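Consider the two complexes below, in which chain A is the common component and chain B and chain C are the respective partners.
Let's look at the complex of A and B:
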């Protein structure tokens, strides 16, 4: 198990809270909560060691496409592929908008 | 062990017969070593050219997984997760105290009594089928449940309660005609669930829908 922390610039704090995903191999659980204005803080706990660069890249690509509100995102990863991670983040952001 | 050979191997099936010589030149050394000791390969959920099947090779470390393709005519032996469940080899496993093995011993009669088509996958399935060490004391129990028809939410929740009562962590994937999803996620009744298909993961409302449309 490895814990990784990332920070990115963001907008105003999000209002809602969302929990998506699943605890299980090849999947991940994502908890999205309102953060401090201007900051998107992401914490990843992963079963895959040495994957910091891969996560950094994935988040950068996601943020290039859209500006996110200020959030604290907690990710519990069980070896999900980048495709699964992107879908789970997308699902979490969607639920946040509907909350 | 009873060997069955369905027409086309399905995800999680174990296949023997691939040799190190059949690997591409850029394959890692540990993947070659695995095939050299006659380890089976695991069928992956990915598309393949006619006459080929997508497979993965397990290395000794968790992050060592090599994705490649195997020729169907190279298959010498084919074991499904259901066949691993039927042979019941976990009863004679040397580490009967491991949570995953205790869970399996507890759950097997319950699942069979309910008439479910279920099987053992993951590191424990690999170890039980091949006799090669792959599981460890903290391994989860990975199970597959065939669900050709939509699984009622009530039944999904009953099964989750059953699995929650077993030792250790039990990870159950539902295999629908369209792909696979986590039983636990289906039981939550979320608006959309993650379905793993041969074309990649998708968020869908009904993980059985595509198959029903195909029939209609």
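Let's look at the complex of A and C:
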């Protein structure tokens, strides 16, 4: 198990909060909450050691297409593949828009 | 006929495919769902991370207050996908606390009733004694609350209900199961390990379900309702059981009758589903 922290530039704080997923086999839990203006802070607790570079690239790819609001994102990962992680993040962001 | 089947399947809304939070939300009256100690309260297990296991923000237990057919209710749902629905210190305390609050409500004239959505392998081995202590508190709280209102346990599947929490299930006023459900003190792998593969093959799924599955438990009179995996039907059965009020005598208080039946079992022959059913059949007090 490993705990990783990431920070990226962001917009204004998000309005609501959202929870998606579950810490089940091959899945992850994502909690999204309003953060400090200008900062997207992500903390990842993952069962897979040595995966920092993969997470970094995954977040960079997600942010290439869109600017996110300022959020504190907490991820509890139980061995999800990058595809599942991406889907869960997109799902969480969509839920924020409906919150 | 073909079209009718398709229509039926399209109208069915699976309950077992829902997560714990979705299950609680689906059963409560629309718009009444309110979660206590939700995941953003960050009340997670302090023990799992120290053992290299990723925790979950709600520790795998959802406590939802709301209305059930207009009546105050608490639905306690265990998330089977997180650590096999195992109960540790935090999740166990959430359940016990929610049941104790419901009993306090009743003492103050608020007729809060409880539904337990049981999807659990029992105690979380990583939190051994703390989990066991929590389960003891849950059992005491069920016994306290059932004096006021029916406490209904629902085992929907796919995890089933085992270990100390199967005893908690046995203490409920009423139990409801689906075909997918299993209910037993020890799980199949534990029995196989103790009794040998010749007696109990944990990989033989038809055999396992024939002895501990929902249909068998219902036919043996060990549960009160057998229901299809459908949100509306499950909700309907729950309401029907609540409408019956408290049972005249809880199943757990009929222990003498059960012990007598069990003492008559011939353990030199391998038990099968029919033998178990006939053991439990007969005039019940």
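We take it that the second predicted complex is superposed on the first by the 99 of 99 C-alpha atoms of A that agree within 3 Å, B and C clash if a C-alpha of one lies under 4 Å from a C-alpha of the other, contacts with A are read in each partner's own complex, and residues count from 1 in each chain.
One rule holds in what follows: a residue touches a chain if its C-beta (ideal position, glycine included) is under 8 Å from a C-beta of that chain, and two chains touch if they have at least 3 such contacts.
Model, not experiment: these values are computed from the prediction.
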Overlay on chain A: chain C relative to chain B, clash or fit: clash
Partner chain(s) touched by A:91 [first = chain B, second = chain C, both, neither]: first
Which of chain B and chain C A:53 touches, first, second, both or neither: neither
Chain B versus chain C as contact partner of A:65, first or second or both or neither: neither
Contacts of A:76 with chain B and chain C, given as first, second, both or neither: second
Partner chain(s) touched by A:1 [first = chain B, second = chain C, both, neither]: second
On chain A, positions contacted by chain B and by chain C: 22-25, 27, 47
Chain A - residues contacting chain B, complex: 20-27, 47-50, 79, 81, 83-84, 87-88, 90-91
In the complex with chain A, residue positions of chain C that touch it: 19, 39-40, 49, 52-57, 79, 81-83
Contact set on chain B toward chain A in their complex: 62-63, 122, 140, 142, 169, 171, 173, 182, 184-185, 190, 192, 194, 196, 200-203
Touch list for chain A against partner chain C, complex: 1, 17, 19, 22-25, 27, 29, 31, 33, 45-47, 74, 76-78
